[in-house]
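Each structure below is given as structure tokens.
Across the two complexes that follow, chain A remains constant while its partner is chain B and subsequently chain C.
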Partner chain A sequence: MKRILLAAAGLLSLVGVAHASTLDEVKARGALNCGVSQGLPGFSSPNDKNEWTGFDVDFCRAVAAAIFNDPTKVKFTPLSAKDRFTALTSGAIDLLSRNTTWTMSRDTTLGFNFAGVTYYDGQGFLVRKSLGLKGSKELEGASICVQTGTSNELNVGDYFRANNMKYREVIAFATLDETVKAYESGRCDVFTSDKSQLAAVRLKLTNPADHVLLPETISKEPLGPLVRHGDDQWFDLVKWTYFALLDAEELGVTSKNVGEMVNSANPEVKRLLGTDGKYGEGIGLTADWVVRIVKATGNYGEIYDRNVGPSTPLGIERGLNNLWNHGGIQYGMPVR
Partner chain B sequence: MTSETIFVSSTFREPEPPPVSDRGPVRWVRAHLLGTVPQVLLTLFGLWLLYVVVPPLVQFFLVDAVWSGTNRTACLPADVGHPVGACWPFIWAKINQLIYGFYPAGERWRVNVVYALGALLLLPLVLQQVPYKRLNAIAFFGVYPVVAFVLLTGGNFQLRHFLLGYLGFDALFPRVAPGVSVSWVFWTDYVLSSVLLAALAGGIARVVAGPDAVRGAVRTVATIMVPLALVLLAVDVNFGLEPVETRLWGGLLVTLVIAVSGITVSLPFGILLALGRRSSVPLVKICSILFIEFWRGVPVITVLFFATYMLPLFLPDGMTIDGLLRALVGVALFASAYMAEVVRGGLQAIPKGQYEGAMAVGLRYGPMMRLVVLPQALKLVIPGIVNNFIGLFKDTTLVLIVSIFDLLGAMRAAFTDPNWATPTTLFTGFGFAGLIYFVFCFGMSRYSMALEKRLDRAQRH
Partner chain C sequence: MSDARLSDPALGRRRWSWTDPKLRSSVIQIVLGLVLVWLVWSFYANAQGNLSRLGIASGFGFLEDRAGFAISQTLIPYNENMSYGRAFLVGLLNTLLVAFLGVILATILGFLVGVARLSKNVVIKALASAYVEVTRNLPPLFQILFWYLAVLAALPTPRQSWGVGLQPLFGALGSGLSAIGLGFLGAPLSAFAADLGAPAVFINNRGLMMPKPIFGEGSGLILAALVLALVVSFLIARWARKRREATGAQFPVFWSSLGLIIVLPLIAAALVGFPVHMDVPHLRGFNFQGGLSVIPEFVALLLALSTYTAGFIAEIVRSGILAVSKGQSEAAHSLGLRTGPTLRLVIIPQAMRVIVPPLTSQYLNLTKNSSLGVAVGYPDLFAIFAGTTLNQTGQAIEIIAMTMAVYLAISIVTSLIMGWYNKRVALVER
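What follows is the complex of A and B.
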């Protein structure tokens, strides 16, 4: 049923949406329509001042800053996991920045393009410290709590089979909160989910210090923003906003020093900030587009540290999300 | 002969009070709690249940609760040093979110005015002793929605055309320099259209029913067009209020807007549909049945989803319908269909003699229904009607799936703030939301019981 609806929506969108360029529409509207999660700690959630905050939210703000020089010109549409693709197909949003895993089927059959991997996530295990486990290879005979209907449920089965291990049972629950409660009450030894979620879940446990994340990551969950097929300029704009955030971090351009960095003699910085060349015009913007982005949201590292980094309650280490020259795999394509 | 003194009391003696064991609370307890063996057992069971439920709740929500703080560390047992119950500072921090959603902080007074005005008008309406019920009803059902609408959205809709404009006569109207607070094009159009409509109605009436009917027809048009003009004027005038998109509404505001408009729309529409379904005119009957069965047969979530994500694909380009409005219409149509069946139950319970009696004294269909049948039928189904209202109030939370954050949606979003993630945040939030829902639903339920009692005097046994 969902498939048929999506297909119908896709067909209709070919007729209905593919004329005016998305950038022109966004400019005419005066705001970017961005789809985010209805609430995911560290990625999108309303803060005490009623503003949307989070990693995915900041990416929307970066795109808005590139276009309007104003990170507040975003209209956030909070979407549930099952409505997110329909909303993008129907044109209700211009950009979906909602912890969506880049998979082949989503990229090819749904009519979307992933603009990059803003966050490399992966499935991990949360266990009680008292069990004294060193790694997930020692999970033989464990009972495992997992949220039903997620890819986590499939991954954990695959992982045990691939490593010739047996679990006692996998107990699946309908909602995250139920799963957490079951884990905490001792129904199972292990709670498995994406690592970013495990970090959030740990905060809700009575004694977070009694629980520990196992080091292994058993699945690839590359999360990134996506756009509709059919408007390559818009795709480029979103993609290069992501690269610009990485390049800015790599070149040491931060929200604090961007005013001085404009005068830098480093040719790479000059190209990035538009004092040399007019690379921004290639995506329909002006040369100083990166200055606007970094002023508004900071570079990739600043966004990471502010929302999910070690100094936040979530306290997630950079890991894979570190820059390529710092042991991670985040790699911004060069501006030239 | 000795005289015997006979004592004759000239007054009645006051009766002795019943023995202690048979009066006051003692008697009540013996009669109701300890009368028979099963009663004793049930009483013990009840006491045990209270013992199991109440102390932990008090312990959690009051004794162990944390009352102040600025972030999650205030509610962590490790930092507080004792087991932590409810984390109330979480609610204080999120209270604006829960009441107003993303409504801009500087404009929240408008929501407050709407809340206050609603309470001020509703209270005298439900209290039996207060006079001027008719005036009050007009104020609440006629004026208040318009005022609330203008206050909440900001009004100033800059209407462009009325009938003639849509028919292509737009060029006829003078263009007045911008800066004028109402749109002259629209109002010239409106006045001309009204005059034309009145003339048309008068003309038809004259042909069909003779010259005497002209005046009545014109008056009918006027009674529709004049109030409509007032409503449109209120929406059109620029009061200098900042426009606030419905996308930014949320929390209790959305819950109340949807519930109140659903309730006030569903009752009259439900009555009409119920009458339609029992009508002897086949077309009316079939239409009513189709409408009712369609809306009862489709899940509300499907309709909300379809209206939000699929409808825009079918609409002409550039045409959008406000998201909240779509949800409102969907909910109102649903509630009407359900209400129709409740009212129909009441209509069927009225004996045929009532209809025949009303006809025998010469009442036509309208007055018969209004004066004889409906008052009795509606009185019978008050529990059913209020049941529907309460259900509707709680169903409003389904709008979460179309990205409208009602009270519960705002609460769920607040749970995801990592700065407030603690073991007890969830229970505190749901406890608070439950309390708010309970206050409203219990209020409705008590009012309906009071109403039943008041209207039921003639039949009380």
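What follows is the complex of A and C.
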């Protein structure tokens, strides 16, 4: 029913009238509407106090902090992979931060703008240890579970074809929960998704030690937040929130020292934190927007370490997601 | 005064007046029509404007683009390199398959339970009542998930499949007899079981695997024999009806037709030397390869839809039968008809007039409920087209419109067929 309602809302919004500025709407509403996934440890899941936490959730909070100076002014909408785009098109959410792969068709014909790549990922395979598989080239004849509406659903066919292998069947489920349940009940030999998601799902299984990720990465999955076409100011705001998080890490601005860093003599830090120039006004905010963000959520590195880093249950090394000057490819554009 | 007006030809012409009901209503209708046209046009223009403003693609060109995703049950050949249009057809056929089989199963089960609720046997009656109350009071989505998860959990993995065949039956019987000391009977039975070879039908949590018949050269003759048998059966039925109407003599049409349909193709097959061989499923790697397989998603959806709808049909059947007055069955009994023929020849035909119209609604409900299969990964039209394809292409307006048109068309065709049938069974008043 929710799906039908969402689709209907999408239709109505397309036949309805044009929207006012997204930032004005968000300010008038007093809360940011942010689409997240329906429960993926480390990325977006409610904690024991029923508050949303995770990597994708913290990005929503960073945007809310930039606008309202209050990271709690976010209304989270949990969405399945299938429903997420309709929700964004229809205006039910202002921002989709839901481990979504940046692809050309989504960026163009679907009518969205990707604000950046918050997490560089790749698709992998989760299998039972008891199968004794060494790599994904041994998956000939397997039954594969996948969540519908994902780029994973498309990659798996291409991968098997490119490697001259045949799967027995690909069963596509509407939500992540159903997909995982089917995998756990033995309906499929393999569950395929982005590796970060597989690591998170593995933790939710009854006995995580019985399952193992195959070493291969079969695709590029650049995940990032996205907004609707047609509101460049809002697009800039979301994009620069992401860059600000990276710049803050690069310049050593953290949630703990941001109070002192405001007095820093470093011109780059001064521009970032708004003590020199009024760059924040270019995106409809005040000069000290980054101070608010970093106070609320910390910089990119803090968000990463808190949610998915080596010290968390997920334990994913920074790898590609390290800063460009630390061996990764995360690169924040300069504030100037 | 009015007389003068009527007789005056000049005044007899219609005049523009709101007091004239005919004129008034046509003006209102024209205005309403114009408003409707304007609404539709403005919806269309607005949608076009908004789509191009957001830079979203539109039009039906996407139907020819490469789909790129796999589908787990395909009645026609399909692979990722085929188009969205082809995927649409695959989904449509999957919807039609589950709806068609669901309607048949629900009808049979519904009639049985409906009649059982009227039984004089207390146990049968209570069981039927319990069935109706349980199935129609639980949400269909819940029932689908129940069948899927409960059934899947109970089934073994492919490597420990349950083989179904005569071999395990005879084998078990043989070893059972040996175990209780009747070795002289058990040993030959076990040997016979081993002779039968491995089972050919398997059940596991990947579904039901069956041998697939592959027809070789000369199979055309078998098909021709089958067609011939069907034609002859039809002619026999017509001849028997005419004879019964003329003389009252009965002829066993059912059994003779059944015999013809089985025996004629068998003779034909023997003539061409049984050119049929079975593609038996066999375990290789993870799974069974070859043969025919029925996926558990389909089985769960079919079972859930047909048992759910059967609960409603049972009540419709019960009400239909109760609507036939008691005098009818008493009259039939007094003419010497037994309970079976009374039900079949007197009660049911009259009950059908009450049963058929609400039955149509249940068939339509079942068809529409099949879209719930998306929850268990059954690749029906809704899942493939209004789900995956919509997500992939983002062309909500075109896809939702096409999906609505298809469900509407299925429903209208069902209604037409049932309407035609209703006319046939309706009471003919003489």
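FYI, the second predicted complex is superposed on the first by the 231 of 336 C-alpha atoms of A that agree within 3 Å, B and C clash if a C-alpha of one lies under 4 Å from a C-alpha of the other, contacts with A are read in each partner's own complex, and residues count from 1 in each chain.
Here is the rule we use: a residue touches a chain if its C-beta (ideal position, glycine included) is under 8 Å from a C-beta of that chain, and two chains touch if they have at least 3 such contacts.
Bear in mind the structure is a predicted one, so any value in this text is a computation, not a measurement.
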{"item": "First, second, both or neither for A:50, with chain B first and chain C second", "value": "first"}
{"item": "Touched partner set for A:203, first chain B, second chain C, both or neither", "value": "first"}
{"item": "Contacts of A:86 with chain B and chain C, given as first, second, both or neither", "value": "both"}
{"item": "Partner chain in contact with A:110 - chain B first, chain C second, else both or neither", "value": "second"}
{"item": "Contacts of A:177 with chain B and chain C, given as first, second, both or neither", "value": "first"}
{"item": "Touched partner set for A:295, first chain B, second chain C, both or neither", "value": "neither"}
{"item": "Greater chain A contact set [chain C / chain B]", "value": "C"}
{"item": "Touched partner set for A:189, first chain B, second chain C, both or neither", "value": "second"}
{"item": "Touched partner set for A:142, first chain B, second chain C, both or neither", "value": "second"}
{"item": "Contacts on chain A seen with chain B and repeated with chain C across the two complexes", "value": "13, 16, 86"}
{"item": "Residue ranges of chain A touching chain B (in the complex, touch as defined)", "value": "5, 8-9, 12-13, 16, 38-42, 44-48, 50, 75, 77-80, 83, 86-87, 90-92, 177, 200, 203-207, 209, 312-314"}
{"item": "Chain C partner contacts - residues on chain A that touch it in the complex", "value": "7, 10-11, 13-18, 81-82, 85-86, 89, 105, 108-111, 131, 140-143, 145, 148-149, 153-154, 156-158, 161, 167-174, 178-179, 181-182, 185-187, 189, 228-230"}
{"item": "Chain A-facing residues of chain B, complex", "value": "72, 77-78, 93-94, 96-97, 100-102, 105, 247, 305, 308-310, 312-314, 317, 400-403, 405, 409-410, 412-419, 421-423, 425-426"}
{"item": "Chain A-touching residues of chain C, taken from the complex the two chains share", "value": "43, 46-47, 50-51, 53-57, 68-72, 79-80, 149, 152-153, 157, 205-206, 284-287, 289, 295-297, 374-377, 379, 383, 386-388, 390-394, 396-397, 400"}
